[in-house]
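Read the structure below first, then the notes.
Labels for the chains are A, B, C and D, by order of writing; each one numbers its residues from 1.
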């Protein structure tokens, strides 16, 4: 267990260490993106991994977060730090509402409903020009001001994103070890059996939905403050939902470290592919991406992390507790 | 009370659009009904067929409908050969894998189109692109009429095939009870591959019919898939008559909301319809309760 | 008894995932016989039939009519004329009675004779002719059982594997079903019958095997078993 | 004695099929009440209605005088009804300990406490050596015991056991009989649906026989095995072939 624990610590610390070691702004920019995807994948994982409700509409919450803090900043001069919380709460409410509407749907039907929900928000964002300026987008004041969530140094963005990711990792980890975590495990293994043992699976799904939406929206605010520009296609595009889910699935859903591993594998892979192939062959990197996803699902349907864990457990059979395989392990 | 010309116009436009949506959706419904797999890459096959028509026309000057005679069988062939292992793996995988594997295929195909034809909107102009036909005092574009007629024949043909052919009965039996179908001597794996190929070929046919009417871009498949999901859920999961009803209804909703509200909001309206149906009748208008378990009727 | 049994089962073990349901089961059925497999719930009776029709994993040796079943897939086993009528009828609920029968004749060996087979099935089970256009799921339990047996006959079976045809039926209906089974057997079809309804099964079958916890514990001619105290004690616990 | 669990005129229809026809039954507190009947008699349907898998088409259920007809499974669990599943449904990816801990969650303030209580329950079921193993690695006999342990961890007042002896070997059956008896001695009321007759005859104080969706007889095991109607229903009628 301690071996696995050390690996996880190293994985968490690595990006910040890298940011401190180098002053290269390209690396800082890439790291910020990686860490933001880590936050989003962890947030998605609370619903998709812990509660096994596969959403491909999470960009709805991302966009709610981005637009809420940005509109509050532009319209009322409210600090995005507060706007971030407001956006999170709004997204959580929207998530619970969506959950109430779709709780009867199973499998692909839930997935379809989430896609539709995100599309509705995208179309609204395009068409409610009075509020969002439509496709023209919204631009934020770029004067560095920490109180307004705008920093002069890229390294500060890396740090903020890192704190968010590590914080959400710890929260996921604690959630996994809590009573709620055990209930979620039972729910996703067998809902009928879980209910017979007194687990209120309906409430559990709504809770997961609310938490997941909240943290996704926080990622949305960070994105808006990092780029200082948002428009409907960039913060409500279905490809963001897809990537959040994809990262978690590749890394291994249902654990706290899985989405982070997935982030480290998928995001830099995408960045390199795009840099190498993007210029002359637009789209090729995403063809590789799609086929890569199918390959991972085919060879490692549980994702990379559980597969690695199994390998490690195979090397050091100790038979004690078996806690490493109980799924609560982070 | 006589019908005003505007009403007739709206109804006719709805029917024509609905017919197109039926063609786009019915293959998805068929595949889901039999295999219990929601193919998130269904729209991409429509989109690729549209590009194939475009390419044949631009490069070889081949008429779209003539090209269709090659494209549709080609899609079928690809499914029973290249995609065969994928289909068999898919049908035996857990739902999570099914969702993401078809999404992965969707991403790959969408960007394959981007790679081959870039991101611009492409359309073709044939000699009959602007031809109008008179029906009951209305003037209707020929291409839309062809699409509707083919959709009509397709639905009738598919219905007769499923109802009366030995193969069709075996397909329904497989959908309703997989294990017992095996006991009847049905090679269930073969049925899955053929049904997937049939459903996907119909998507290809939809692409052929759409291309003379609309323009195509790599993201078009996703937009069409969204419509197909709405149609399938609205009509009833895995129900072929349901897909027809759902397609026509969405055609009506889209035309009317475009006319009475605003064209930019038409998607909002049918997504609203989608959510309302999901909430009030999760099994769809013609679906049976628990149809998710029971399958194709 | 003739030298070569129609069905020979040797050292059969069967599994559901890691769970073993049958242990080293051996039995023979000869052409023209009715043989019963009896035993309590979950003893492994249905698993035996499922192994024969190739829908569960098994090890051992199974041969039917001289063919080794080891490498055959379910639809190939059907082509040999070994036909399984599953427990609980398992009709196709949204198809009519007639369609259910037609699907029963899907195999190549049976499809050629579908019209004649249907006529024969209707003759033997006239109730099905009356109900031919009705959805299978809307019929009573007894009628559904008739339909399931009729569907099995449509496959032109050399041998029928019947899994609890009396399940959930009233005694008078069971009697009717059993009379039909005798007629089917007299017309030349061998029958392997799995039953929980002990006395009925022993009346019908010439021989029987008693199965308990996945193992055969008793076998013999029906009239010998009928009064065997070991049998009643296994059932009633007294 | 008053009824602890009372089933009043419960009818269940599935489409045109009547699975249960005005079944009434009362279970007294601190008793082991057996329910038997041939396959297809309606035992599992009755069991599902008591456990709250679906509400009956008609009729009423009461526990300790309170109407629970429309309660969800989790509400019933909170009221003190626990059940096992005929085909065991363990949480395969969890250890035996965590499986049982899920049952113990409701009355515990944290997971550690739930695990402690679960460990005690596991000892009671004599499966301590398997506590750390994944549930998916258990044999059928141990899965049945896990079902009982998990249900017991919810601290039920009424324990519904659905064929917990089915598929067990002789020795396992004897152990299970001892276990059920021990559970009953702690004051838990037990309803036992069973096919293995020797087990039910030695355990149950009262037996209800179902046949064709109706109650055929109720009485002590001795009375039941001598009832000609029961013998006919159970062994099957003499059918003139």
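What we mean here is this: a residue touches a chain if its C-beta (ideal position, glycine included) is under 8 Å from a C-beta of that chain, and two chains touch if they have at least 3 such contacts.
Bear in mind that the values here come from a model prediction, so they are computed numbers and not experimental data.
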item	value
Fewest touching-chain hops separating chain C from chain D	1
Chain located farthest away, centre of chain B as origin (C-alpha)	D
Distance between chain centroids, defined by C-alpha means - chain B, chain C (Å)	43
Averaged-CA centre spacing for the pair chain C and chain A, given as whole angstrom	54
Intercentroid distance (Cα basis), chain B paired with chain A, Å	32
Chain B and chain D: spacing of chain centres that average the CA atoms, whole Å	49
Overall pattern in which the protein chains touch one another (line/ring/star/complete/other)	ring
Chain-chain contacts as defined at top	A-B, A-D, B-C, C-D
Complex interface listing, chain C residues touching chain B	53-55, 73-75, 78-79, 83-84, 86, 90, 92-95, 99, 102-104, 106-107, 110-111, 151, 155
Partner chain D, residues of chain A touching it in the complex	177-179, 181-183, 185-186, 189-190, 192-201, 319-323, 325-328
Chain C partner contacts - residues on chain B that touch it in the complex	166, 169-170, 172-173, 176-177, 179-188, 294, 296-297
Chain A contact footprint on chain B (complex, rising order)	38, 40, 86, 89, 93-101, 103-115, 118-119, 218, 222, 226, 229-230, 233, 237, 262, 264-265, 267-268, 271-272, 274-275, 278-279, 282, 292
Contact footprint of chain C on chain D as seen in their complex	15-17, 38-41, 136-137, 139-140, 163, 166-170, 195-202, 212, 225, 231-232, 234-241
